[in-house]
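Chain naming follows the written order as A, B, C and D, and within any one chain the residues start at number 1.
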Amino acid sequence: MEFAATIVILTCTYALLAAGTVILYKAGRVVNFAHGELAIVGGYVFYSAGLMSGGTSLWFPVAGAVVFSIIMGMFIYMAMMRRLVGEPFYVAILVTVGIGIVLKSAILVIWRAERLTIDVGVTPAIRMAGGATLSYMDIASVVLTVAFFAGLYLFFRFTRLGVQFRGTAENALLASQRGVDVNFVLSLAWVIAILAASLSGVLYGGRAFLSTESVTIGLAGLTAALVGGLDSLRGAVAGAFIVACAQYLTVRLVDPVLSEAVPFLLLVIVMSIRPWGLFGTQEELDRV
Amino acid sequence: MEKHVSRKLFAAAILAASALAAPAASAQNAYVIGYITDLSGPLADSYTPTWQGFELYMKALNDRGGINGKKVEVILDDDGLKADRAVANAKKQTERDNVVGIFGLSLSSTQAPVFTEMRKIGVPVVTTFSGILDALPPSKPFSYSTGVVFEVAGEAIGELTKNIKPNGKIVGMTFDSVGGRAALSHNKRMAESLGYTWDEVLFPVTTSDFTPFAQAVAEKKPDIVVGHYGSGQNLGVIPALRRSGYTGPYIVASYGVTEDTVRQAAVRAGNDENVYYVTRYATIYDNNPGIAEVSAAQKKYGTSKPFSSMHLTGWTLGKFAETALKACGWPCTREQLDKVIQTLKVDAPGLTGGPIEMSPQDHYGPTYWRLYVWNPKTTSMEPKSGWLKKAALKFPLQ
Amino acid sequence: MPLEVQNLTLKFGGLTALNGVNLSVGDGELIAIVGPNGAGKTALLNCINGVYRPTSGRIVLNGQDITTVPIDKIALAGVGRAFQHAELFPHMTVTENLLVGRHLLMKTGVFSGAFYFGAAKREESIERKAIEGIIDFFELYQYRDVTAANLPYGVQKLVGVARALALQPKLLLLDEPSTGLTREEKENFARFLLRIHHELRLSMLWIEHDMQMVADLADRIVVLSYGEVIGEGPPEAVRKMPKVIEAYLGVD
Amino acid sequence: MSRTGYNLRTNYLESNEVIRRPYQKVLVAMVLAVAVLLPAATSTFFVHLLNLCFLSAIGALGLMLLTGFCGQISLGHAAFLAVGAFTTVILTVHVGAPFVVVIPAAAVTGAVLGFIIGLPSLRFRGVYLAIITLAMHYTVIFLATSYQANFAKSASAGITIPDPSIGPLVIKGEYTWYYFSLVLLTLVTIWCVNLIRTRPGRAWMAIRDRDIAAEALGINLTRYKLMAFMVSSTLASVSGSLLAYYSNVVTVETYTIDLAVIYVAMIIVGGMGSILGALMGAIFMTLLPFGIDGLFSYLPREWRYGSTVFGVQVGAVGICIILFLLIEPKGLAEIWRRIETYFDRWPFRYRPLDTTRH
């Protein structure tokens, strides 16, 4: 029972990250290596905004995280990514690596490298046989993740902006000729991706803690996206589930110490069988 | 545009280059010592308060008028828990700042290279935490430790566990580092010799979600769980263990874990009564004149980190440094300083269970350990045992 | 026969790019391939060149079956190719681009290259001299040390041909070498094509859109439409074929 | 007149000369002379920093060949350094092998690992390759941690290795190391320069620029990609071994992903596709944290507490990567070229269209 719960919660953390990676890839063919850092810094911002408001209301920290995502998303796209059109593929990757390092240094300079926990709803909500418990935060993380994906589905499917988004992902040039504000759509992609990451970071900060080491969840999320297929949101969920299962089972059945390397081993296996990922499309392989 | 960029870069480069060549700013009329530690890396939580304790002592000392009429100037450098940076800092301090000795240092991985380099030049180095082979008998010249040695701590914890439960199954946890493994193996050795059964769970260094690991521990049905790691991990581990259904005793080994961390972890775990703490220095909850003195200094000068036993550790090291420099006289040379440290005896009543004693063969000396338990009602720690004296282990072990 | 293409078919999923193409290039012959866009002209070259692996059929080069041989080995077998968009190495100079063309004729490796004296230096000297011959042939003197990215488009295409020629091929594949050139550049190019044809007597397979140029220069013309050969023969004969007229003018 | 006449050549090989203009010869000679005399004029600490620069420059050259010239991205360079360091440990501590055996052995181990890591590059490109090199990094580090933990059963602090010696000459102390690493770096640089201007280098650049066209000219992609990985990892491994010897201690904690990123930063800052850039980048990135440290020393002591200095040092790496990629993608080498051109033209501001490569 608790193992299933743990896997589901872990899947949620990774799925949110992987979804962001997929959105960014679909929108601008960018693979973001700074996603883990964005997630954790989002968590830190949430924490600090909570402190500033005295820890009484949830609205202030939530608003803090949202504002962070919007500013960060707009800034990364408008100041950096927009200028990289036509550059070799590695330039965008390395720029995101650079962003990741800068964010990490922000944790050091602003938050003094302290390990923080987000203590919202940590009291047990469900008691399971054997004494294990699930907190309100754990349940919230599942609910919020499901809500996020449902919202994303409705957005892409039924809103005008969502259609423009899909159009831009298909062919940015054509979309801009049809009057879509491509710059707006692509900044929006960054904002949504960072929002998802921040949510993931906040949930992670509730269950584990925030620190410069916890940015490694970004790599797990990236692996999940690659396993599922870089251009498929369904794949992101499936990939997250597979990575979470593999990690959990390694801890429990093989050797806990290996759990860090497992996502990569999994990735190598998946890529040698289906290089474009479980739900991805084959021609994407040559693009990146 | 292009030209602008290169001109600015050029200016920045010249500025940086001039900074590199900056001459030593040290006064000729003061004792200059170096302090290198991790103020920003993974263990900054532990080493920052230790440094602050040291600094408090030095501030108080200089306000008293210094040693032999001379002030003490401390050159502080951060190594970020990186060996190459620690070595470069040590070289910079010995050459540019002309320090007579180096104090502090972070984990063993940064100590070993600094010890090695400084031995070549002949600069005494005194560390607070995980002292290593170099300091333990047969000790190598110029290398000293006044702090926690993984192996000794492992043994002490094994022995003190008797005060919680006389027998049963102990599960040790650590992250997969060389030091963690060493601590575990000694804890295991001692526990098994006392009749406990032993099991262990290791996790990767970068782990921050401990739930799966905690479940693996809970499944082993332990009677006692020991966590061998620095400060922050406890914040994640204790709640994760409780979530996974383990409610038994949990021992925090004090590799730089502050009381405040224990408090936070215990609160997060649901105001637990079963959190224990084994430490080489006293805790701030002990009521004695030694602690009161440090506490007064902390109130006077202020520290950014909450007052903790790490401050006591740093304070004791400060006392060690003062005693050594005083004995060294003025002017104090590196050789002279090393010579006096070799037979130094420093008593820090109230802060340790007994004096720090160096001898030419043993640069670590006997250490004293104590078991505390967290009391959620009084929100403080209470001793659960007397001070346990551990003579230094001899290496290589048989 | 330098090149013989037998019953070549190439399919991508459900799409048939080439369907039972038969073709041969004789010694020193200049064969032009014409056809509307999407007729499969470049796909045919890609098959011969080894970029695509045909679904069925055979490609024989000087008696050697090269149907499934990898690209680089096909170059070794003696096929040189000039690409439609030149595909020069943009960060390298014209000389260096041509020297890459000499790759197969050189021997220097990682270890011998380390010492720039003795064998490696000698080889550089010899090959550099050989390149000078090609530069001379194509009159590229002023561009020797210009990076490819900085060349005018017309010159880029010329260098593309020169580079293919540098590897001393037995068969030269030219993919629309004159497309995008000005009238003058085209005439200039025609001159070089004739020189390759007459002075070097190289077998060539030449994709071209300019019907006038094809009619003037080619020995034979092969007309492709929707992946099939719809006409073949000397220029004057092909121009009169009803099927070709239909394909080109859309007569019903 | 002599300045504008440099394009005239009387010999084919002259176009392949690395140093083409008379004043450049003077410059190189001056740089070498300064390098030789420098230790006499500066402090041991600065010599130590330069040693770190020189030794890491060897690794940076390796990465430059792979990424800058062959176009294969790698985030696993720290692992290659680790392989060199641990080969050194195993051979010196267990076997007692001398320096002259260890360095070639480290080179061979590096080459073998490079070959293995190169294999996926035949199938994967771009991001996928980057992730695979990352996976390789974690695998190597895991193995190294296990080795170190089991090797040092009772105490923990890295593994000490003795000073190296070549025959009767013991390489010990900053100054000996300075000249030793200077000579070594010069040799490696010459090797790299020669590789780049002969057949293998041109093949790598062709693969980087247009792989299909390169293949159509007969370049065997498999062979040359693997060769690039092997040469790169060999240099990294040798660099790792030398750095281990220099510091006398090997511990697995040194070889983090951050270190790999710093090496990537070296070649970006220096300028992709330039040997000079690799050298400049290595020196820049090695000195950068110390320069920041130095700048901070001008500030009040209180400012240096906490994580600020280290945080800024970390952040500076990221900022360098971003700024150079966005503003000066050709790096320091290009800035240097512009300065050179400026003086070359002097006193004129312009010169007729100059599109030649320098």
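In this text, a residue touches a chain if its C-beta (ideal position, glycine included) is under 8 Å from a C-beta of that chain, and two chains touch if they have at least 3 such contacts.
Computed from a predicted structure; not experimentally measured.
Chemist: If we look at chain B and chain D, which chains touch each of them?
Modeler: Both-contact set = A.
Chemist: If I average the C-alpha coordinates per chain and also across every protein chain shown, which chain's average lies closest to the global one?
Modeler: D
Chemist: From the centre of chain C, which other chain's Cα mean sits the farthest off?
Modeler: The most remote chain is B.
Chemist: Report the inter-centroid distance (CA atoms only) between chain B and chain C in whole Å.
Modeler: Those two chain centres are 72 Å apart.
Chemist: Averaged over CA atoms, how far is the centre of chain A from the centre of chain B? Could you give it in whole Å?
Modeler: 36
Chemist: Please work out the Cα centroid separation of chain C and chain D, and write it as a whole number of Å.
Modeler: Distance between chain centres, rounded to whole Å: 40 Å.
Chemist: Centroid from C-alpha atoms only, then distance chain A to chain C, rounded to Å. What do you get?
Modeler: Here chain A and chain C have centroids separated by 48 Å.
Chemist: Using the touch rule from the top of the page, what residues of chain B touch 2 or more other chains?
Modeler: Where chain B meets two or more other chains at a single residue, that happens at 40-41, 44, 176, 304.
Chemist: Please set out, as single numbers or ranges, the residues of chain C touching at least two other chains.
Modeler: Answer for chain C, listing residues that touch two or more other chains: there are none.
Chemist: If you look at chain D, which of its residues touch at least two other chains?
Modeler: 306-307, 310-311, 313-314
Chemist: Considering every pair of chains, which are in touch?
Modeler: The list of touching pairs comes to A-B, A-D, B-D, C-D.
Chemist: Within the complex, which stretch of chain A touches chain B?
Modeler: Chain A residues touching chain B: 2-3, 6, 9-10, 13, 108, 112-115, 117, 119, 122-124, 128, 130-135, 204, 207-214, 216-217, 247-248, 251-252, 256-257, 259-260.
Chemist: Where on chain C does chain D make contact in their complex?
Modeler: By the definition above, chain C touches chain D via 49-51, 70-72, 74-76, 80-81, 83, 87-93, 95-96, 99-101, 103-104, 106-110, 113-116, 120-121, 123-125, 128-129, 132, 144-147, 150, 163-164, 167.
Chemist: Going by the contact rule at the top, pick out the chain D residues touching chain A in the complex.
Modeler: 67, 71, 73, 120, 123-128, 130-132, 134-135, 138-139, 142, 258, 261, 264, 268, 306-308, 310-322, 325-326, 329
Chemist: In their shared complex, at which residues does chain A touch chain D?
Modeler: Within the complex, chain A contacts chain D at residues 31, 80, 83-84, 87-91, 93-95, 97-109, 112-113, 219, 222-223, 226, 230, 257-258, 260-261, 264-265, 267-268, 271, 275, 285-286, 288.
Chemist: Along chain D, where are the residues that touch chain B in the complex?
Modeler: 42-46, 48-49, 52, 145, 148-149, 152-158, 160, 173, 247-249, 251-254, 287-295, 297-298, 301, 304-307, 309-311, 313-314, 327-328, 335, 338-339
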